[in-house]
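What follows are several structures.
The two complexes that follow have subunit A in common; it is paired with subunit B in the first and with subunit C in the second.
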Partner chain A sequence: MTGRGTASRFLTAVLHNGVGRYVRQLQRLQVVFSPAAPDARGARQFVEEEAVDFARRHPDVVVYVRPCDCPAPVLQAEYLNGTVREELIASKTSEEIVQLAAKLASQSGLDIVRIRKPFHTANPSVQGQWHPLTNKPSALTVHGPRTAPQ
Partner chain B sequence: MAAAVALRVVGRRLGLGLGLGRTSRRALWGGHSKKEEKEVEDSIIPQEKKEPSLICPPPRSRKYVPPENIQSILEARVKEICGPSLAGNWLQTSLKDNRLKYQLLAQLAAELGHAVPNSQLHLMCSAQDVLTFYSTPVKDMSKFDELCAAELPPNLKIAWER
Partner chain C sequence: MVLLSVPLWLRSRLTDRFWRVQEVLKYARHFRGRKNRCYKLAVRNVQRAFVKSTRARRQKKRYLRALWITRIEAASLEHGLKYSAFISNLFKTQVELNRKMIADLAIYEPKTFKSLAALAQRRRQEGFLAALGDGKEPEGIFSRIVHHY
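What follows is the complex of A and B.
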């Protein structure tokens, strides 16, 4: 589909995050996997080896580990603005899951759609936007004080 | 023929005798045990409510932590068993002699509470192998139990399996 047919948004940060302090937008991460299924092997390895390190490196994210009878292992990320993203981790290795979790932790909860412009600013011009009469003799625009009728 | 018949008769008599003896003994024992049981039951009944039913005790823990002075212990044992006739390096003492091997391994197992499993007996050819075996720690917790028991950071929550 063309750019016009699909959704798009402008580049923005959630509540001007980063202007003052930076607040991680990922609120919680749920690792849902089956303790016996073969495709959840990477997930189990991740929980055994890497989950503790990940939790230590990201102390502002709550990590829930839920071994349960699910059809496919899933990494569910919830963001501060309410967005919930589910990523399938079936047949992935432990390192790939770590990278995926790090990627989710660095994202904000804004939609993943086409960004119209790769820049955004609240103050587009400091000295005033140029127009054709900038830098021209002011006689062109200024009408002098009205002289009295003779 | 007659001898065989006689033998059979003797056998039957003996068997009968034995059987009778056995049954009589059993009756004696049965009677005794019943009486004993009744007496014991009477004393046990008031206590039974406090005592729990017989629960199977947990299997023996296979945990093994090598002591710090394992090398000196092993050296002492080897010297004791092999006697003064040792090569320069006691680690290379060969355990080809089965008696020697058995004595050493049995003594170490009794002392340290950790025995070489049957499947690895053929690998113990020298004192060096025995040293490496007794220097490796063995833990019997599953990884999940270990993880839950270890100190988790406060932002990691693990849900126990139902």
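What follows is the complex of A and C.
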């Protein structure tokens, strides 16, 4: 919970995403739920009603639906840089799951840690960064010591 | 009648002591000396570290402002103005830049900062003329106030 005790990173885009074409960083979304458990009711409703619309709205993302005998229903998101994020969807309504899926789709796979500065630029200076000779008169304007009077 | 022998046969033992200890030690790993390894020393120092980090969030704002002021002072002295004159005259010309932005401009856009210093200097001269003059001269251009309401 201290600045140095916990991880932190600078603000970046994955491989300068957005400079050229924007590539959605979410690779696949797996909806893992059990067909009988009571807390997976929202997940089942999501799969029946909203999952197809979600997949149509996000054509870059592959949506897998896995009914299996798991203890808790989970939304597993895998990103292009390899990070896997699991979100519990137990006892959530279908609308909440849709919002959660949209949030995961808009994230990149970078770690969710403290971002040191909310800005980042590769070219901070347009006029040339200050150096000790910026505001000093140059050799062209300096007049040397005067010799004997003419 | 309460039978006490059965509960006494069932011992409850602490099985996750390792993880409870690691929860504290993970915040002490970057410390120096034995307090990054030994739990008894680490507990005290992790507590102090948290307290200091909470207090430092308020101090950071003070330190950064002082840093910006130092930088602006150095930059404006290069252009022949003191910090107080620079800031007060910039305020009077309705240039509402905060110290962070002015410090960044002084580092990364030196020509812009030079023009800001010239503006402050000119406003300063107009202020002197208005105060010491007889009132016969017209008002200065940079002394005009724009009302946004």
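Here, the second predicted complex is superposed on the first by the 133 of 150 C-alpha atoms of A that agree within 3 Å, B and C clash if a C-alpha of one lies under 4 Å from a C-alpha of the other, contacts with A are read in each partner's own complex, and residues count from 1 in each chain.
Convention: a residue touches a chain if its C-beta (ideal position, glycine included) is under 8 Å from a C-beta of that chain, and two chains touch if they have at least 3 such contacts.
Please read these numbers as outputs of a predicted model, since none were measured by experiment.
Trainee: What does the overlay on subunit A give for subunit B and subunit C, a clash or a fit?
Mentor: fit
Trainee: Could you look at A:L110 and tell me whether it touches subunit B, subunit C, both or neither (first, second, both, neither)?
Mentor: Neither partner.
Trainee: Tell me the contact category for A:V47 with respect to subunit B and subunit C: first, second, both or neither.
Mentor: The first partner, subunit B, only.
Trainee: How wide is the angle at the Cα centre of subunit A, looking out to the Cα centres of subunit B and subunit C, in steps of 10 degrees?
Mentor: The three centres form an angle at subunit A of 140 degrees.
Trainee: I'd like to know which partner A:V62 touches here: subunit B for first, subunit C for second, both or neither.
Mentor: first
Trainee: Now for A:T2: first (subunit B), second (subunit C), both, or neither, which partner does it touch?
Mentor: Touch status of A:T2: second partner only.
Trainee: Is A:P35 touching anything from subunit B or subunit C once the two structures are fitted on A? First, second, both or neither.
Mentor: Touch partner of A:P35: subunit B, not subunit C.
Trainee: After superposing the two complexes on chain A, what is the shortest C-alpha distance between subunit B and subunit C, in Å?
Mentor: Least C-alpha distance: 38 Å.
Trainee: For subunit C, which residues are in contact with subunit A within the complex?
Mentor: Listed in rising order, the residues are 26-30, 49-50, 52-53, 56, 75, 78-79, 106-112, 114.
Trainee: Within their complex, state which residues of subunit A touch subunit B.
Mentor: 35, 47-48, 51-52, 55-56, 58-68
Trainee: Which subunit A residues qualify as touching subunit C in the complex?
Mentor: By the definition above, subunit A touches subunit C via 1-6, 124-130, 134-135.
Trainee: In the complex formed with subunit A, which residues of subunit B make contact?
Mentor: 143-144, 147, 150, 152-153, 155-159, 161-162
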